[in-house]
Amino acid sequence: MEVLSAMSATVILGVIGSDAHAVGITILEQALSTAGFEVVNLGVQSSQQEFISAAQAHEGDAVLVSSLYGHAEQDCRGFHEAIEEADIDPITYIGGNLAVGQDDFEETRDCFREMGFDRVFDSETKPTEAIAALKADMNIAESEAERARLTT
Amino acid sequence: MEVLSAMSATVILGVIGSDAHAVGITILEQALSTAGFEVVNLGVQSSQQEFISAAQAHEGDAVLVSSLYGHAEQDCRGFHEAIEEADIDPITYIGGNLAVGQDDFEETRDCFREMGFDRVFDSETKPTEAIAALKADMNIAESEAERARLTT
Amino acid sequence: MLRDRRLSGEDLSRIDERIRSDWSVEDIDFEEAIAYHESLPASKEFASVLEDADRPLLQPRAGVPRLDDQIALLGHLEDAGRADLLPTTIDSYTRDNEYEKAQQGLEEARESGEDTLNGFPAVNHGVEGCRELIEALDTPIEVRHGTPDARLLAAVTFAGGFQSFEGGPVSYNIPYTKGHDLAETIEHWQYVDRLAGAYTERGVTINREPFGPLTGTLVPPAIAIAVGLVEGMLAATQGVRSITLGYGQVGNLVQDIAALRALKSLGEEYLPNEATVTTVFHEWMGGFPPDEARANGVIALGAATAAIAEPDKVITKSPQEFGGVPTKEANAAGLRTTKQLIDMMREQDINLDGVEREREFIEESTRSLMDTILQLGDEDVARGVVEAFDTGKIDVPFAPSDSAESAVLPARDDDGRVRILQFGNLALDPDLKDVHTDRLDRRARAENRDRSFQMVADDVDAISEGRLIGRPGGEGA
Amino acid sequence: MLRDRRLSGEDLSRIDERIRSDWSVEDIDFEEAIAYHESLPASKEFASVLEDADRPLLQPRAGVPRLDDQIALLGHLEDAGRADLLPTTIDSYTRDNEYEKAQQGLEEARESGEDTLNGFPAVNHGVEGCRELIEALDTPIEVRHGTPDARLLAAVTFAGGFQSFEGGPVSYNIPYTKGHDLAETIEHWQYVDRLAGAYTERGVTINREPFGPLTGTLVPPAIAIAVGLVEGMLAATQGVRSITLGYGQVGNLVQDIAALRALKSLGEEYLPNEATVTTVFHEWMGGFPPDEARANGVIALGAATAAIAEPDKVITKSPQEFGGVPTKEANAAGLRTTKQLIDMMREQDINLDGVEREREFIEESTRSLMDTILQLGDEDVARGVVEAFDTGKIDVPFAPSDSAESAVLPARDDDGRVRILQFGNLALDPDLKDVHTDRLDRRARAENRDRSFQMVADDVDAISEGRLIGRPGGEGA
């Protein structure tokens, strides 16, 4: 994989399904922009198709799906099949509060990994962790400090 | 058993061992006196022998042992044997916080029942419950209301 | 054209028919529904229980898909939680008027025993299902949801015996959805309110409760209160006579007490005399700490605030708020922690310095926003509020809705009070704006940094990280 | 004859030998002990960590018999509880100087793995055992106990690296035992304090902390403060230079804040300038609710009080206080709930009406008691306090000790402040007494009953039943 600079990397960000939790992506958008990413923020209540169309239109390198309200699994069914059909291959992350009720996060992670997401983040995730992960996955040069933070 | 009046019933009350929790027995003493019992309050840090001597000296009908600090089991070892040896036969109750740590009260109750206590009370016990129990065990006439409270 | 005027009887039945075509529900007989409500004991009359109470009543949040589970859940909150009032929280599909999907979820839940819906699909349970619920419990129950178009939900649940209904055209649109047009939402809620008014006129008071916390995240009190007043006015126009204005804890004791006082007095000022105004305080609605012990601290601060300010109702949080929908035990624990604190503090005479000054500031600010709204609408609050949101003259921070500018950004001042960092077009008098800017400048100086979005981000995280103010340097600072 | 004057070097070594005959402990080499303390990092210097802090430091209570368990327990409280200072609570047999029984208990614990002692038998663990504990943890550790004759315990634990020691001749006699003579106890503590003073003179400051809460149950602030001042003065005479005066929450916010302020200012007034005075606030020490959720409410009220009053240290309770010795998780939870509240409230500028007035009342009352004590002792505080307790001119409610009259009975007034219902011989100025009587009369009238012991009993139970004031009618009232 070539070494990218964050400046040229485009990230599609949004909240999927009928979820309207906007605070998290507002914070993420700002942090990603500050870190040098090109961010396309779809906002809340975005459909799978909206994510895919945006990824196509903006040549998105990564698709960041947020879900807080507990319906992530239903909302993401078939998402990766649709991505494949659309003939694009972005990095896909999902994060937030992914299950209804007081679940064990390891199970949740496995579930979404199986669905095709490259990384799964819980709701304790800080924007810096998402940025470090993106840089690692996109092979963007990053400082030692960030690398250290990522691996912990 | 003859029917007593509370007025003629004498209760020996004290905190056993090196336990110094005084608040509970202060409240109990007052409530028992108000209910018409003759109360001999030995205070805190009373030995088995002090309970027994008091029961002999005052012809105690009941001995109420309190323990809060978690050493009740050690402090009461051999108590009923000593009572028998002293040739007296008072009703014996124990109450308070009877085990070290977060124990299951049912186990605790069984343990002290086996040691010979007629009744075992946890630390949620209100004075009225102790009074109702005493009246029942001593066959003292009591109001319907009190009886109802006791059996619940 | 949208106007703040009472819907006619014909309007009502016309709409009634239309909404029924969205999803087949049994026919609702208004007279029979009135008779049903009349058959309920006085202890289930939501409005009178709330209005006659002599202490803050406690109400949790709770909703699960299946009827029997919901009964068990509410029963637990009544017994183990000693809740004074109960909720039934509606699932997200119903909120989107996706009754088909809700039906699927409900059936999945019934088959698998797992809860695949995040609430109680009341429309799918229908009038009979609702009545079973009402009858199974001793306490009045409110419908809590987040539905922009709640017409069918209202029709079913009112007939189903519920006597309190949360939400409003602004508070259940702006924080809860992206694409709903505000003018349309107001029309939809005119129906809901008119229906409530119709019941009220027949002696069955339906309590209505604008959702005060909005996005739950650092909402400046004047904005929250203005929205509540607008929704209260709209509801009163339709004949609603029991209105509970809401406010969500921001965490600064003085500001929260001041806001609750302002809410009450402005409510009485702006709403018609025929309406009885009560207040509800929501324990912290923003991000919670990922730790039950610390969450209890957050809940307790809310409870302490309520004990001093004495709103009519308190909506409690559970220590599991961060993690997901709480277990019933955690939900009941949140109630009991709150109750213990309120009952220990309520009888104490506690007066804090500075409450009056902050209250005046909040009242002036709210009046400034209300003046703008009424001016823009030519004294018609419905048109005014649409125009105001359209132009960003009234705005809500972190609002996901396309109907709001979402340009307002809040941050805490050096004392932890929520102030406004970026106003967008917010129609606040310049001298009031200066106060905000001044206070935030002071904080920026204290922290040796510029006023910036980073401050906002830090403040959003602060409580979940264990502090009130997001000072640089993070947790340890 | 008992006198408040510094023990000589010979006194010290004479007593040293005598107490060592109670239980064979290895020889303690003072010079070696000083060197050991000097080898410890600055972060383990109790006095400087406490005195230099810029926020209230949190400390739990905790003690289990076995060394490795105690290390694990304190490690957990340090990590999961984020405790700023650690305790080691001593078992009851050691408190009774029954080292043989403690040894038995320790051995049983080692064999069975079950804790048959209710604390850490430090004398039996010896100097080496104590040092292992000190070295295993990063945080300074205090010895907390309740031992009337704590001479051997002090000798062992000071040499063992502990730099803080709770208690005093009054506070560890009157609430903790029945038969100990007060004059004798004072002599015993003169040794403890002199030993602390000797370390202090060599640059190893030993912090001393009178036990402020006494019987933990509705203790009127002036009584608690007077006892603390007496013990502080006695300690200072022996060369102690770091004194932490304590006070236990009574649950009324204004009274608690006022009492903490009075404690601080009176401490500075009565204790010599050479001594650094800090304060410690104990979360509610009376009967807890038998329910963890409600217990969290009680803990939170303590935390809120601490956030406003800002004592130097807060001793936390766990939500399992009612049930028995808490699990380490519950203990850590109590710390975190407290920390969350303090950190959310600490930066807020919160001032309550009436604090100054109540503070003045507490200060006057304390001075009234102190005047009596000093008069009775002809300006010798040691003799004065013995005489005062002997005559009941100073007294502690619910005190189990034969050395106290225990005639004082407290009750809450209509605002929930702790007042005195029966004075016994308490030497309080008549006009101050009138205030108490007047306030309690007011409450009695409000409750339509007489001032009586029933009020006291109701108040003792009130917090555990979910209220502050024991109004007639019980829980529901």
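Here the chain labels run A, B, C and D in written order, and each chain numbers its own residues starting at 1.
In this text, a contact is a pair of C-beta atoms (placed from the backbone, for glycine too) under 8 Å apart; a residue touches a chain by one contact, two chains touch by 3 or more.
Note that the coordinates shown come from a computational prediction; the quantities given were computed from them, not determined experimentally.
Any chain bridging subunit C and subunit D, meaning touching each of them, is missing here; the list is empty.
For the pair subunit A and subunit D, the distance between C-alpha centroids works out to 53 Å.
Centres computed as Cα averages put subunit B at a distance of 30 Å from subunit D.
In whole angstrom, the spacing between the mean C-alpha positions of subunit A and subunit B is 66.
Listed for subunit A are no residues, as none touches two or more other chains. Counting partners per residue, subunit D has no residue that reaches two or more other chains.
If each chain is drawn as a node and touching chains are joined, the picture is a simple open line.
Here the touching chains pair up as A-C, B-D, C-D.
Interface of subunit A with subunit C (complex): residues 15, 17-23, 26-27, 30-31, 43-45, 69-71, 74, 97, 99-103, 123-124, 126-127.
Of all residues in subunit C, only 92-93, 95-96, 98, 115-116, 118, 146, 175-179, 215, 217, 286-287, 290, 320, 322-327, 330, 398-400, 453, 457, 460-461 touch subunit A in the complex they form. Taken together, the subunit D residues at the contact with subunit C in this complex read 251-254, 289, 291-298, 300-301, 303-304, 332-341, 343-345, 347-354, 414-416, 463, 466-469.
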